[in-house]
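Note that chain A is present in both complexes that follow, paired respectively with chain B and with chain C.
After this line comes the complex of A and B, so read on.
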């Protein structure tokens, strides 16, 4: 009996190494519901990568298995991840739009011997949740911190911060406040707005009353940004010369047409603009636009997914298609390449991307609103990450 | 003083926008006894039509608003005949399940046809920019929304208090067979009431689009707020809905200005307090 088990085990191992089996990648993201646009961007990034590089890596066919997680739901995320690992037998996990979803899925990785490549979820601590987590997006600390430098360079002394009251909003506030006070600036007030605020007039009234020269704002990409920007203009803050500073979530490309002239001149810091000028980005935008259908829908999660696919392909090459999460993650530590967003590398310490953060200004070019990059902060790590 | 007036103006504007969208729901729930969870979906359809006409076809806002109301009613009529007619008088659970299903279907169709991005409605120059009202400036479209709210409230009050229409409606709801025997064309009465409620939803969707932007998830995103307004005001009561909107608008705006970190706390505290003291809403009829 024992021999039989050993023999079948050996046979199993041999066949695993010898045959070119199909590599399955399980992708969890919001493909329906309020953030369906971001899920579609995951798909566009993946499809663009497959269109440009083919669906075979090191002789193995790649198959993508999608699971829909419409809203942040940790329990459901863990269930879907289990299902992908046990039911579908995926070799790699990818996607994850919201932090709680990634956190809930992370404990499964070591036991399942599966690496996870995060396409979006932007809280610094996620990489500490499991040694098999690699992230190809950004963190809110990473995109918010350079804004403090921008504000000081423009001679701004007094700033009021206004953020949506949830994890990333608080991260963004902390990052900016730390950077800005560190550079000698003065925070006159910090306001945290409830998640489902519709009318921003009272907030703008408070900004006005505070006497700040600039307002630093964080809102998740989506419908609330429209009302916020409108209230900023209608309450006379733009005309009064109160500068609006924000991470790029506030002016993601699909929202720009709706924000319209209200957003013109707004300064944001972010890791990726669809208008980024490089041959890599032109090729990416062409492929991703084709994948998503309407080029105006293209947004930052697509580039996270595209680079994530690149990282997974390197993992497959390094392990020769074998299921070895440790070796796969080891192989991409320190990996450096040119992404559509610019030069990037994976920090071996925290498996998060070191990348350029760009200062952008909303501008109108040929009748379209774009985030025009006007300054580059090179090779930014994640200032919010603390070693566990 | 300046601040109080300022908050008051914002509260009034926000409250009136809520009123225009919610009053249709108050009518369906109070007078027709239908829990229409698809109300937000119809408001969204109105918004989409107005957005398409002003942005893609360059038509004037006034025309687009009219077309949005008529267009949404046209879409709703076959739904009324085929789906809603079956749930008049049905248990509330049946109504909730049916209308939430309709809502999900509309969300999916909107996402497919119009895409998942935000859509805006182009305002005419008169409604853009701020207007000086003495102690501060306020957005012109908010004043417009408040004016629309007052007109709607007045027109509905006239319809309900000064015409026999609602008598027929109540008779049809309470005892359709008897009302029919007395010569009331109950089906027609239902269809017209439904059309009025849907038309008001569409109007609210258009007028309120500056505060509640149009996107596919609109249909569910704001539904809780609309339901809260109806339950606080008392289903079917126009003055009740108006008072509820102004009160809740004031509580929410003041809380947001003075203590934003408390979030929705004061809003829901007010709701709980009112519903405890007035189980049928402020001006609702006892069941």
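After this line comes the complex of A and C, so read on.
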């Protein structure tokens, strides 16, 4: 009889533990198609966080629900997000690689009472789309602006800008031009390349003809960056001493092996390098490499996802597992911690990360190409953000 | 057509029969819509999206299936409707959903008519290339005029006001869904009438033998332009519906890939059949949604296998396969 009571007590306890509600996190990202690598980095960042911190927060089990969005497709993003909220009943939304996708999902948040943590999408204005948006990545303005200072410090006077003609490219151009002319430099020409440009030789010729000392370039990470770098070398610009300056999208780690010696010495500014030297980053890289399988595939979206998971865990702790988007977002405003990328904090005004931006140089260390950090711009906010 | 006294004599009978068929078809569509509404109350956004794409595929069926125009750029008219409705709401603050639909249809018809003037100049492969060029041009234009269209960030800030001032477009998407179903039924009835009309017959004639139709003295070029404008209005409605229900318009609505996907759905369902366009869209989008939710990492492979299987075993599309099965069973009975 006693045993029976004990057994039923134990059962009761167990079911009590199971009653603590499972917290569902819906993650939207490119898990197939040309950008699948970035989606896998989302997954690696999430898995790394779960491996290091366990899958229970404040007594609640965490469940991740993935939805695939291979390319920027706002209508599909809105439909997937709605389905995650209404169909799956997720408590948090996360991920979002492309700006239009995040923009499309934002209007749903307020009615759904669900906070959204953006792991990547990098246009400044997204945080204005809803008060429930928090971002743990970067903005193109944030990563491009310090490059203007670098160029001036190195005595560069005349720069030509070359960017892909779409939102982030135009942002990048504006950020650099504003910073560079503000510091007394001259922009000799600004070229905007159509989205699907593959042959960069004519562009390199224009760079050569412009007589600029340096070229500032922005292209979205992918196959095109490879062609761009090759054209830069083959058209003799590297030998002619025309410096290449770019935000880190151009030299993300998975591309470095393919770029090879062509990229050596290229200067980029970015928020995260896989080679960043800190104990936090070592632990993160070890866990994330295990999650992604091939360590060479590890790239910046993983750290956005890793920090995003940290922010969500703080939101869960603050709300005790209750569905209260407002309280959750309030709780993380001003939150500061040490991320694998360095010290970061959430600006309470625009819910975007204030973080260090690093100047890096592509170098060969122990036979591997890495982005070696050589200078730090501390506590950079988002210069592109305007209050709504 | 005065040249066909025989068909003129049987017309009343034919109209009566087809009116009955129409009534049954509408009931089937409405019943399906109700069943889906009750079975999947959580997937109404997806269902609404299916209807919006269905309108695009129906429109493509009009020009490709019925009139024989080869196009891989049909998203042009869909996107024109979506952007027209979206810009009206986001930039001019006209947020009445019915007005947005009307503007979407108008813009679609205009885009269809104008783009057809160019596309119809070519034939066969040339026509395909022209259609791709047009959708790329439209895409690039929408990218360039970013102060109007939002460029690659997408056009956001579309806040449609409640339908008839009563039904809000809420998170659950009920209003959007029933608006979509009503729209689909109206379009369905209009299109049945159009494809059965002498004008629709003329289009089919042009598909089979344009030289002969011209020899009969009927205008080939302007008949097709007219058909293109009608098709444009249908796809434009779809675009506007998508803008209303998702509250955002992106450059993908003017993309080559959407155009190609629409063609795949049409082939899947069966070309030259209104039900084919509708069934193809449902099966394709739904299958895609289910498979991608089950395995978000390798789902495209499974979709590819489905397409290969359908093309191999049902070359006339799903509706064609169903029809042949039905007729075989009837043949056995009699």
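Following the convention adopted for this analysis, the second predicted complex is superposed on the first by the 369 of 388 C-alpha atoms of A that agree within 3 Å, B and C clash if a C-alpha of one lies under 4 Å from a C-alpha of the other, contacts with A are read in each partner's own complex, and residues count from 1 in each chain.
By definition in this document, a contact is a pair of C-beta atoms (placed from the backbone, for glycine too) under 8 Å apart; a residue touches a chain by one contact, two chains touch by 3 or more.
Just so it is clear, the model here is predicted, and its values are computed rather than measured.
Contact with both chain B and chain C is seen for A:194 once the two complexes are overlaid on the shared chain.
Contact with neither chain B nor chain C is seen for A:122 once the two complexes are overlaid on the shared chain. When the two structures are aligned on the shared chain, A:150 is found in touch with neither chain B nor chain C. Residue contacts after overlaying the shared chain place A:33 against chain B and chain C alike.
Looking at the shared chain after the overlay, A:291 reaches neither chain B nor chain C. Residue contacts after overlaying the shared chain place A:203 against chain B, while chain C stays out of touching range. Of the two partner chains, neither chain B nor chain C is touched by A:329. In the overlay built on the shared chain, the residue A:230 is in contact with chain B alone; chain C does not reach it. By the touch criterion stated above, A:73 is placed in contact with chain C alone, chain B being left untouched. Shared contact residues of chain A with chain B and chain C: 32-33, 36, 165, 194-195. By the touch criterion given at the top, residues 32-34, 36-37, 40, 165, 191-199, 201-203, 205-206, 209, 222-223, 226-227, 230, 234-236, 254-255, 257-258, 260, 294, 296-297 of chain A touch chain B in their complex.
Against chain C, in their complex, chain A makes its touches with residues 31-33, 36, 66-68, 70-76, 78-79, 82-83, 85-87, 99-100, 103-104, 106-108, 111-112, 123, 125, 129, 165-168, 170, 194-195.
Interface residues of chain B, counted against chain A in their complex, comprise 3, 6-7, 10, 13-14, 108, 111, 115-120, 129-130, 137-139, 210-213, 215-218, 221-222, 252-254, 256-257, 260-261, 263-264. Residues of chain C touching chain A in their complex: 42-43, 45-46, 49, 52, 140, 143, 146, 151-154, 156, 159, 170-173, 242, 246-253, 257, 292-293, 296-300.
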